[in-house]
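The two complexes that follow have subunit A in common; it is paired with subunit B in the first and with subunit C in the second.
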Partner chain A sequence: MFIVNGKEIENSDGILLEKYINENGFKKERIAVEINGVIIKKSDYSNYVINKGDNIIIVSFVGGG
Partner chain B sequence: MLNNDKLIIGGHEFDSRFILGSGKYSLDLIKAAIESAKAEIITLALRRAATGNIANILDYIPKGITILPNTSGARNADEAVRIARLSREIGCGDFVKIEVIRDSKYLLPDNYETTKAVEILAKENFIVMPYMYPDLNAARDMQNAGAAAIMPLGAPIGSNKGLCTKEFIKILIDEINLPIIIDAGIGAPSQACEAMEMGAAAVMANTAIATSGDIVLMASAFKKAIEAGREAYISGLGRIIDKAEASSPLTGFLHE
Partner chain C sequence: MITEDEFYSNLIKRHTKEVHNKINSNKIAIAGIGGLGSYIAVSLARAGIGGLLLVDFDKVDISNLNRQHYSIKHIGKYKTEALKEQIKEINPFTDIKTLNKKVTSYNAADIFGQYKIVIEAFDIAEQKAMLVNTLLSQCKNTKIISASGMAGYKSANDIITKKINNRFYISGDFVTESDNTPLMPPRVMVCAGHEANMALRIILDETNP
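Entry: the complex of A and B
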């Protein structure tokens, strides 16, 4: 189990971050990712294996003033 | 028309002095609003992304427009720094508008925490534009900390009340050697024009446009008002006197 934006994700431990992103409809060029408080560079998405208990925050831009 | 009157922020040159906000209106209107405003800088906010292939605001912003992410949601310097770093990681440049707010009723910025965030981010080569309460000492601290511009509020965010802080913004314009960009509270083109007439370097508006009857038309109205105010400032306003002074010649009357 790991956490993405506060939601628990079951049965996916050990998958590549890039795979998770692609399979869940996120676009790499539109997001930033922080795992356990550390920003993951886009170039590292294909190297990072999601660990059990990882707290993942995926952010993107929205309208704002 | 003024030629070569550039707004320079952090070494970047802009012809437009109208910074457009993108909140509270539909994505479909973003492009038309930018074009109507002739804006070259647009603010965005950073939020947790939703899953699924939903529309992203970046897809609606024309190429060549400078993205100015804000740190809305930050309650202290550390949170603002975190939001700024994540925003830059998306890959739209080094600009950031620092917003640190602890007061949920009036959304007034925390100048002390904002200054701390400016110092950290300027050292990381961000182009830092702090949203602030117009206080000269705080503005000086932000300038010394490496801010590229100062963004004092005219009135509380989203209030459309106009230049309530006018006299204090004047002090910043006189004393701070950075672009002073009026952010927040400007509700009407006439208020934007007045800010520019007194020497503001630019005006940022969002709610005034988003809550107007016609977003695209109001964006155009603000553009014209900001340009008019800028031309008046460069020109220098005519003097004020207590009594009348005839504009027409005082000789050659028909009854003479």
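Entry: the complex of A and C
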């Protein structure tokens, strides 16, 4: 189990961050990802394996300003 | 003309000397001076900020007049110059620096790294994400206040400020995007007010939204 934006995610431990992002409707170029208090660089999305207990915050940006 | 003394005495009378000194000894960088950034800059200048860096590559266009702090006479001018000119008429004593440049992941740390507070006020979602990601990973002493979701005319009460971590705040309703909803002035101004207020709060040691 890990946590994304405060929600518990079951049965997905060990999934690649990039895969989680793609499968859950997030757009890689429009987000910022923090895991356990550390910002993850975009270039690391494809090799970060989500661990049991990770606390993940995905901030999505929408256009307008 | 009013003197610097008269100008600051008036602010001190309103804000107290302690508050004024904190605001006046800080400089803030604003990335993008369209609908959000132009209003953020004007409100911080009115509040007596010590200095501003205004960054934008764009020139004022007729399509900006619906929500940005520019007038018909500014059309065709660089936004940086048009905004600096206006701010100097409001608060001639704040130190305005300008940069006409497109911000990228390659130059962002150089442009903004020396600022303790950077306000993201871009229009395009990818640019917003790029700046936040770059500054959070490369500029460890910089706090960033960003914005996401302020198009349309849904309730202004949906626009809030969230603290993601000690260096990252975000204002907006987080969902209403300009790709499919037109930007209208009141909600853009509400969101600009949120960002500018969060900057003032950080300066005044109030680190929660």
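In this section, the second predicted complex is superposed on the first by the 61 of 65 C-alpha atoms of A that agree within 3 Å, B and C clash if a C-alpha of one lies under 4 Å from a C-alpha of the other, contacts with A are read in each partner's own complex, and residues count from 1 in each chain.
The rule we apply is simple: contacts are C-beta pairs under 8 Å (C-beta built on N, C-alpha and C of every residue); 3 or more make two chains touch, one makes a residue touch a chain.
From a predicted model like this one, the values you see are computed outputs, not experimental measurements.
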item: If touched residues of subunit A are counted for subunit B and for subunit C, the larger one; value: B
item: First (subunit B), second (subunit C), both or neither touched by A:Lys42; value: both
item: Contacts of A:Asn24 with subunit B and subunit C, given as first, second, both or neither; value: first
item: Partner chain in contact with A:Glu34 - subunit B first, subunit C second, else both or neither; value: both
item: First (subunit B), second (subunit C), both or neither touched by A:Gly63; value: both
item: Touched partner set for A:Asn5, first subunit B, second subunit C, both or neither; value: first
item: Doubly contacted subunit A residues - partners subunit C and subunit B; value: 27, 29-32, 34, 39, 41-42, 57, 59-65
item: Residue numbers on subunit C that touch subunit A, as the complex places them; value: 32, 34-37, 121-126, 128-130, 132-133, 136-137, 146-151, 164-165, 168, 170, 172, 174-179, 183, 188
item: Subunit B-facing residues of subunit A, complex; value: 5-6, 24-27, 29-34, 39, 41-42, 57-65
item: Residues on subunit B engaged by subunit A in the complex (per definition of touch); value: 21-25, 27, 30, 43-49, 51-54, 56-58, 67, 69-70, 72, 82, 85-87, 89-92, 157-158, 184, 204, 206-207
item: Residues on subunit A engaged by subunit C in the complex (per definition of touch); value: 27, 29-32, 34, 37, 39, 41-42, 57, 59-65
